[in-house]
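Each of the next two complexes has chain A plus one more chain, namely chain B in the first and chain C in the second.
This part shows the complex of A and B:
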């Protein structure tokens, strides 16, 4: 009798649970997609339509806002600065982070655990706290308002991720593969380039792209540390009050799009990284 | 001329003494089996001969040369690992030919040797596949073929059959013995299975403290 009762109760509970699950998924997706959708609509509509309500479902594909954006004074320079800083960050964080990840996965050295902890703690520092002392130091050393100066700050932000991702990548390659290569005529270096590198290259690329996106989206340090050579984020922040609204939409769209595409492309590696970091 | 001589080799990992004063001579073209329970140090000794570990004290001589300061690639050895270590990003052909390409041999020589060895190990139809598409037994044969293609003076094998099912193990044992006798290579084979040791060896060295049976020809170390 009780068996029958639970059989009847279970489908209802499961059904209700399923509805809850579906609803929360839809809400979460909407929370992300709806703002992006508005961004897209308003970017691709004529400048006058931005204030109109209700919104057309499909964008008019009017390039008015975008062309205004492109010709706005200083916008293209800011865009180029963003690209240069992000590119530099990408190169530096991989150049420093990948060897660190390799060392952590392959070697045992005194202070190894402390090193790992410090890398993680790096992210615990609130950037606003550091930004002003950094600005002072940068002015003193002449790094203020330079691409390389900002890239150094962004590299510091990106390195923990670079190290963590590369660490999990290298840990996934059994030592035996390298040892086999050593017995087959490879030096340590050639074993690395011929066996390990081809296997982790996709992961390194993902790590590099993630570093690029971190730098691209960063606002605070960029706003504080650059004056003449603003990056796009800093530029838009400063012009926020003065600019017409369709410009802000276009700027927002330009900022969001690369990050969106890149993160989508490398999501597999990010899941792996967070899975490892949760242990 | 690939006689192996191990003189007074000892290995310590931190405080733990893995090998105490090993003295062993393996004659040219002999098939020596190192038999012992897990943890007795047989893999450590094999890795010391190979060059993947360095002995704390003692000397290793291969073919009349002292090799213990040389990296694995300069010792004239080839090794078959317990987990095969077949390169996943290369085809079977490129795996077997890896060592030959590192020696910068001409293409037709590489092809000739790879095909010959692949025929020996009955994997000639698998040459275009990747390791992910192979069964365990096939991967093991690729690993052995890769070592054999190098035509080394000495071949070292670390429990290469332990991951295979019983029937395949028996077949591979017979094949291995035949192949190695034909290629006139000195072989050092590590296993914990006495039956395997008995069926393969010319000479069997028993390692570890279990010196109860009258099986071994040589008791190696403590």
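This part shows the complex of A and C:
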């Protein structure tokens, strides 16, 4: 829609349209933010206030619920497990996915379409379901109930995104830059590390963060594959029926917090992975 | 290194990974679903399908998808076109609207639990307005529709963002010249949306719908947080077979049923929104 709209409508109608537009933008923002604000109020209330009625609509800034959360048996371990699994997933999915993204953007090779099909299949498949047979496989190999085992599964979840994001990032850097470096005496490898890598690093960081979020949020596979070393999502899921309600809210808040920061950090790159990549 | 082999070296790690952690377990789960005590049979499928909970959980899952996905599509289209004509504050608004993208289904369930629980914010608001005088327990088996509504709202709240991102990226790829030409011929904004945006957005709509519908059939943690056992869905039944009943054959059969429904839905969407051959932007 261009700015040079030649509206023939009366100014009144246009003004009304403008108001309608602004109001709906504000309403849609509120639709996203208000539920988060409610969670914040509950998290920052004393445990006994969480069950009180009617609710206050402003946070009391009481740290009772959060400190109960921190001291709850096993919670800190679960939090640490979550961070470690997500960190490992982040490293693995970039280390494994980025070379493939580079190959897709730079080379035409027989089997390329088949490879892309494999990636798309993986993205369009209810992957957590595979956690069930993997659980059996892991018990045989001794990977069951370990951080590494779960990180491997989460990497499988994150790989299609890592490949597609790095593919569109590498496609954005002209081949000529690399070729120029070759004529100046660089090998393929040094041309990559000295020319392409510095340009692409922020994008790589963004897709790494995206992999972190995927792992951080995953519930089903985490619940299936861990028993003693539960991640935060798996721990909360198991405790849903028995835990006091303020523990759920504090846990939910801790789950949401990194997401807010991460989405802010990667907001520029969110569109890269769907724009070029899905055609 | 030889440039002919380099691409294969580069894709080898991903291929290895996907074979070990995607294709191989898939074969295992399929195998497990069709075997009982070492013999090939349909017994697992017969068992899960004849369970009294199966029709209910299937119906719940399909109803939820049917209620949630169209609303999300309409909302995402509305948001994407709104963002597109925005001049000031586009980045901020887009950030706010994509926040739920980073929020897990479990956290979303907990957030909406804060609203719908007995001493929650919905009751408090109704109280403040004076509609009710004592808090009603909303999420019980007496109010199946409120449980359904709460789950649907939580899903719409959480998962519209992924569609929004795909559609905004897609709209960005449509050349501005088409709209300028439409202006010249006097097409209204609504006409432009119907005749330019929607048809040219078809590949993105395809991607968005396929992804969302598949995820809608996998709904699990939102239901666990809000409905518990009140609202059985296919995925929660799978979980129950695996852990409460320790029947992994039945769980594998359930997994394959969910997969079958997902594939059927994907094919329907791909067919309905197919892009005519040779028609590209």
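As a working rule, the second predicted complex is superposed on the first by the 242 of 279 C-alpha atoms of A that agree within 3 Å, B and C clash if a C-alpha of one lies under 4 Å from a C-alpha of the other, contacts with A are read in each partner's own complex, and residues count from 1 in each chain.
We adopt the following convention: contacts are C-beta pairs under 8 Å (C-beta built on N, C-alpha and C of every residue); 3 or more make two chains touch, one makes a residue touch a chain.
As the structure is a computational prediction, the values presented were derived from the model and not from experiment.
**Student:** Between chain B and chain C, whom does A:71 touch in the aligned arrangement: first, second, both, or neither?
**Tutor:** A:71 contacts neither chain B nor chain C.
**Student:** In the superposed arrangement, which partner chain does A:141 touch: chain B (first), chain C (second), both, or neither?
**Tutor:** In the superposition, A:141 touches no partner, neither chain B nor chain C.
**Student:** Of the partners chain B and chain C, which touch A:185 in the superposed model: first, second, both, neither?
**Tutor:** In the superposition, A:185 touches chain B alone.
**Student:** Of the two partner chains, chain B (first) and chain C (second), which one does A:25 touch, if any: first, second, both, or neither?
**Tutor:** A:25 sits against chain C, while chain B stays out of touch.
**Student:** Does chain A have more residues touched by chain B or by chain C?
**Tutor:** C
**Student:** Of the two partner chains, chain B (first) and chain C (second), which one does A:36 touch, if any: first, second, both, or neither?
**Tutor:** Touch status of A:36: second partner only.
**Student:** Where does A:260 make contact in the superposed view: on chain B (first), on chain C (second), on both, or on neither?
**Tutor:** second
**Student:** Go through chain A and flag every residue that touches chain B in one model and chain C in the other.
**Tutor:** none
**Student:** Provide the residue numbers of chain A that touch chain B in the complex, in ascending order.
**Tutor:** Per the touch definition, chain A meets chain B at residues 174, 176-177, 179-187, 190, 195, 198-199.
**Student:** Which residues of chain B touch chain A once you look at their complex with the stated criterion?
**Tutor:** Touch list, chain B to chain A: 50-52, 71-73, 77-79, 81, 83, 85, 87-89, 98-99, 102-103, 146-147, 150.
**Student:** For the complex, give me every residue of chain C touching chain A.
**Tutor:** Residues 1, 3-4, 6-11, 13-15, 17-18, 21-22, 24-26, 28-29, 32, 78-79, 81-82, 84-87, 91, 93-107, 110-115, 117-121, 123-124, 127-128, 135, 157, 165-166, 168-170, 172-173, 176, 179-180, 183, 189, 192, 203-204, 207, 210-211, 214, 217-218, 220-221, 224-225, 228, 235, 238-239, 242-243, 248, 251-252, 255, 258-259, 262, 266, 280 of chain C touch chain A in their complex.
**Student:** Looking at the complex, which residues from chain A come into contact with chain C?
**Tutor:** 1-6, 21, 24-25, 28-29, 31-33, 35-36, 38-39, 42, 50-55, 57, 95-97, 99-100, 102-104, 106-107, 109, 111-112, 115, 118-119, 122-130, 132-134, 136-137, 152-153, 155-156, 159, 163, 188, 213, 216-220, 223-224, 233, 236-237, 240-241, 245, 248-249, 251-252, 255-256, 258-260, 262-264, 267, 270-272, 274-275, 278-279
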